[in-house]
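Shared between the two complexes below is chain A, which has chain B as its partner in the first and chain C in the second.
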Partner chain A sequence: MTAFSLEGISKRFGEVTALDNVSLSLNEGEVLGLIGQNGSGKSTIMKVMAGLHRPDSGVVKVGGRAVQLRSPAEAALAGIGLVHQEQSLIQALSVAENLFLDKPAGSTWAGVYRWNSLRDRAKAQLDKVELDIDPFTPVSALSFGQRQMVELAKVLSLEELVHGHLVILFDEPTAVLNPPEIQALFGQIRRIKHRSSVVFVSHRMDEILDISDRVYVMSDGRNVATRDRDAVNPDELYELMVGRQRVNRKDRKPREAHIGAEPALTLNHVTVPGEIEDISLKLAPGEILGLIGVQGSGAETILRTVFGMADDWQGKIEYFGAPLDIDTPAQAVAKGIGYLPAERKTEGMIRNTSVSENVAITYGWQHGRGAGLISRAKERGMIEGWVRKLAIKTPSIAHRIDNLSGGNQQKVVLSKWLFGKTLKVLMLDHPTRGLDPGARSDLFAVIRELADQGLAILLVGDTLDEVLTLSDSIIVMKDGRVSARIEGVQAAPPSEEDLVKAMV
Partner chain B sequence: MSKLLQSQGPLLALLGLVLLFSVITDSFASWGNLGAVLEAAAIPAVVAIGLTFVLMQASIDLSVEGVASLANIILAITIANSVTATDIGLWAVPLVLGVGLAIGATSGAISIYVRMPSLIVTLGMWLTTVGLAALLYPGRLPQILDTRITGLAIGKVWGLSWIVYLTLALIIMALLVEKHTRFGRMCRAIGENEPVLVMSGIKVIRHKIAAFALAGGCYAAAGILMGARIGVGNTQSGVGLLFPSIAACVLGGTLLSGGHGGVRQSMIGVLILVTLRNGLIMVGVDPLLQSALEGAVIILAVAGSTWHLRRKIRVIK
Partner chain C sequence: MDATLRFLRRNGAVLVLLVILAAVSTAAPGILRWRAINSLLQDNAPMLILIVGATLPILLGCLDLSIAAMASLAAVSAALLSPVLGSASVPVVVGGAAALGGLQGWLIGRLQVPSFVISLGALGIFKGVAMYLTGANMVGITPGIWIYDLLGSRSFGMSNSFLLVLIVAGLFAAMLKFTNLGRNIYAFGANEIAVYISGVRRDMVRSFAFATSAGCAALGGIMMISQTMFASATVAGSLLLPALVGVVVGGTAISGGVGGVLSSLIGGLIAILIRVGVTISGLPPESQDVAFGITILIAVALTTDRAKIGVVK
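The block that comes next holds the complex of A and B.
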């Protein structure tokens, strides 16, 4: 019997269509595995089900009845609970208080806690997930695995509140867990199947195949396939996940790279605890090295570590043959390393200031009169030169950056780095995020030209085609480790499916 | 050991200070001086109690000095006094406390509904209440004649004034509120992760306004105790309370970024500060040098007590 269904759900965020006429049905006692690439609409669909987003059109049905889920509280009353990725717990409070945070009835009397009743009720919930801890332990003292179980227990307390069938949503619950913890979680999922249906999102194909009864594949905001577990062919799923991110062969302009012999940047067994493990790579002047992986795979962490932003890392990083010994971005910049952050609006550009201010902020002094004095006239000439070279569309360089289009903003942020005379390594973190196709190919051309001029470029790509189009070599990341290395990409490009296979 | 240092650092610092001053001076370790320390700590402690709940929520309240002065003036002119003819007897006490609560609630409500940082709202409230206190000042210094108020400072039991015992009672009440009420627990949770609470459907606004109201009430209580101690109503009576109370909270481990610390920690902070002041006098340090030393010690102590957290605090404001 169908416990829950979505019919023709669409959801737009401004210009972006996150869900495009998506339908999904969930049978009683079934585990549905939801799989798809970054930005395929997985988390949006989960949020619609959990009452966090309201769809623009379409119908949500619970037990065959059309309902409107206006808030997580309403979803809870309908028997739907979302198990968060552990960040919904308040660390300073105890496990018991967290369990009943959103449902205080019965645990307080006139605002004063009834500790005994709270302890007993919390104990009962913890027993369900076989977690043997004192309910008054502060959450900050628990391991990630235990926190995930507390999250689960918090959602399972719906069992007492709601009479009907439950729908439990798991949003990448395994991201922070180790293998035994994952097995324990799967045990719990199998146990609760008798009175709940489960939707399980994961980036990892093997987990999806292990726990799911059916697999639901998303790509570009659409459901592209639904398969029973017995009928699953992983290779077909990889192919479906690629979706529209296929390189248009006509767009490909093989670049004759002039790659330097001596590496500009060498990473030897670099580890950042909990994020990346044992990463080694080489990047030469004139080379574009593309890093790709699903969210949380650690590709961004590599860039941030080289840029002096990691708190704590081990291993060796060499920069033109000498050890790179830096703790801050300022030191990285002084050595000639630039970093274009993914969050353009918060980390890249300085809002409410002019284009010229944004370009000159880091390296303006290099074009000054020395002794810390800046030369406005010289700066202006240089900035106008870059605006012309990158074809930045702005009325003048005194124009406010906020009023430019996303692509032009990104080019301004990029010219901040190109402004420096000493720049040797440029790291690009999702440089085309949020740009329209025209702006994207403009930026691609600029990036290629920079490499031709001898800059070493380390790129974390948003999409497969981006990385395949630009890179000379590709490193695929999975769970903080390198899962595949591909050299000579331009001469012999790998297939998109091979990359996806290494990613999930 | 390092864990003990982390969790109990301020307490160890307090014990260290006591030990240090006991060894290097003869006069520090005496019952009389211990009493003097407690007397000096009482009023800042009352202020720090209120402030702690606001700081735990990652807000701040700077209106202490104005609210305490205003409370002190209202008390002095409504109770039996040497200048005005009004005398509502002990009803003046709930009146003054009510005024404090209302001012605090107003600050909180403005900060939330007008979406202004509490720093600015309470800075404005500080000046507003200083102005109101000056307006209400009857022209001549009103002596408080009601002995039930002045008796709080004069009457002593086991060498300590009633002010100290009242403060102790307040501390115990505050500890109970912090530990056993939903309000107290939510204060800390708000400071740590407000968005999650909002998503969980908790009436965060109510708890936030309550914290400011409670703080205002505590400042008013401090104004009353101040009136008892100096025996007059003075527009300047609250001056000098802001710095030690905020410093004490932070010294004890109630971080300005919220979510940490609590009443117990703030009280230890008050004792550290008062002990330091008292000890420096006993040692005979030049009074002009004293405040410089105090400031330096506070910076050192806070740096030491939050050292293990420094990586977690990414943006310093």
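The block that comes next holds the complex of A and C.
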């Protein structure tokens, strides 16, 4: 019996198609495992089901009846609850208050809490998930595992509010949990199956295979396969996840000749508590070192630590043989280290300012008159040179960066680092995120050329394809640690399936 | 149509200035006489220098609420120091104020506390210290000190205090336009995080901006005592609201990144005319603050870039 279904759902965000004609059906009492790479549309599909996003086209059906889910509250009335990936609890409030915050009947009288009733009802919910804590404990005093259980209890309180069948959505609930907590969560999922269907998203293949009755594979906003658990072949799932984005091998050429002998950057046993552990790596001038891992694997943290943005780290970082002792980006830049952040709109570009100010912000003074005076006339010629060289499409360099396309914005942010005379190491964090294929291959060519000129490049890729195309060596990250190292990537490329196996 | 709108937006402050000037001078034609203008500029030079200084933190998207309290504290300190230090009391007080302002700017980054909270705390501290120093009495300045006499007199028929405002504003405008620091200040106001990741020393930029606003506030306090020869712990207390009105009416957005010192000067002239307008319309002087309150609400509502700040609270 079908409890819930999506039929031909599409969802676009600007130029990006997040979901392309996706259909999904969920049987009563079934656990459906949802897998796919970053950006494959998993989270979007969950948000459509939970009423957080409205699809551009397609039909959502609950119990065979077409419905419109206009908000999470409407979804809740239809018996659909989302257990959030990012913790959605309000830390300063008690567990009990959090549990009933979004419910219409919240143990209140004339807007005032009836504390005894609230405590009893909260206790009943917490008993369901076997969490033995005082309902009036503030959330901030709980461990991440306990918070995840409270999130679950919050959704499970739908059991009393809704009469029909429930649909419980889990968006990467295990990301912050340790193995015993994961087992406890799985116990809960098996317990609620008698009156709920479950959709479970995880980056970890072993978990998906453990808990799911069926596996649903997403790639590029489409459903590429659905497999019953008995018929699952893990290797096949890896292949399906990686999808059709095969590496274009004709782009490759050996670059060993460009790579310097002495490392530019060396990390020895670098640890950032809670994020990365015991990371060692070497990066030579002219080399492109690709880092890859699922979200939260710690690859980005490595870049930010080298760039002076980690609050607290241990270990040793060497820069051209000397210890690198910095704690702000300004100091990193002064040494010749650049960083292209993943969040282009909030961290990369300086919005509401011109292309030229964006390019000149870091190194403009190097082309000035000295004594802190800048020369916009001299900058202009050079900025126009970079605009031509990187084929940045902009009416003029005085144009606002906000009005350019994403790919051109990214090229502007990149040219900020190329504008100076002192850059030796460039770190790229998901440089092609949100770019269309044309802009991506433009950017690939620029990155390769920079490496050929002797720049040491540390790259965190968005996709395997990107890292395999660009890198000389690859480090695969998993849960904050190095899980695989591959040298000589261009000469003997590893298979994408092997990389995915090391990631998840 | 589009061009008209752009023209209005770019030159709005000047147009507002002209409209108010026309209205005020119709009601009281005497205001257009050179003597009247001169004395208005002289009386309001302290407010204008506060406005010039307050512009820099606002360009960063910060707010320095301590300027008026700093002006009072500086006036009191200068008066108390004048018998000992003579003319040297001015650089000492302005330098000390700049150091305190720089400390405020540094604390914002160090403690990760919003600027309006830090400067509100500073406001209380400065006010209390000024009270303590004076015992809530008026303190007189030693007569015959060259620098105070200079600030209280005129050259070329213009108030020296007002000329100093023009010089400081000109220096700041040049700094904003031609130096790397100026570029960093605008960029900081547009997107602090991106600027930080671009390798700009944001603590230094912020300290500089708050040092200049405190230094200008101190100059404003000194201008006041050079005119009145007396200082009290609350002498400049009423200048905070008109100073902020001047900055935002001039077109410097409270969300940062847009505007400039010269715009603020225009805004300052508008603030002066609002004062005059209230007086000549026969309303009681208390309504000045009402007028400033209404003006700042309208100006901020018109100039705030809500897309940038995300949530309004």
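The criterion applied here is as follows: the second predicted complex is superposed on the first by the 493 of 504 C-alpha atoms of A that agree within 3 Å, B and C clash if a C-alpha of one lies under 4 Å from a C-alpha of the other, contacts with A are read in each partner's own complex, and residues count from 1 in each chain.
Everything that follows uses one rule, which is that a contact is a pair of C-beta atoms (placed from the backbone, for glycine too) under 8 Å apart; a residue touches a chain by one contact, two chains touch by 3 or more.
Just so it is clear, the model here is predicted, and its values are computed rather than measured.
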Clash or fit (per the criteria above) of chain B with chain C on chain A: clash
A:73 touches, of chain B and chain C: first, second, both or neither? first
Partner chain in contact with A:330 - chain B first, chain C second, else both or neither: second
Partner chain(s) touched by A:341 [first = chain B, second = chain C, both, neither]: second
Touched partner set for A:440, first chain B, second chain C, both or neither: neither
Chain B versus chain C as contact partner of A:47, first or second or both or neither: neither
Partner chain in contact with A:360 - chain B first, chain C second, else both or neither: second
Residue contacts with chain A in the superposition, chain B compared against chain C: C
Footprint overlap on chain A, where chain B in one structure and chain C in the other make contact: none
Residues of chain C that touch chain A when the two form their complex: 178-181, 183-184, 186-187, 190-191, 193-202, 257-258, 305, 308
Parts of chain A lying in touch with chain C, wherever the complex brings them together: 307, 309, 328-330, 332-334, 339, 341, 346-353, 357, 360-362, 364-365, 368, 372-374, 416
Of chain B, residues touching chain A in the complex: 180-183, 185, 188-189, 191-193, 196-197, 199-202, 259-260, 311
Contact set on chain A toward chain B in their complex: 52, 71-73, 87-93, 97, 101-102, 104, 108, 111-113, 115, 311-312
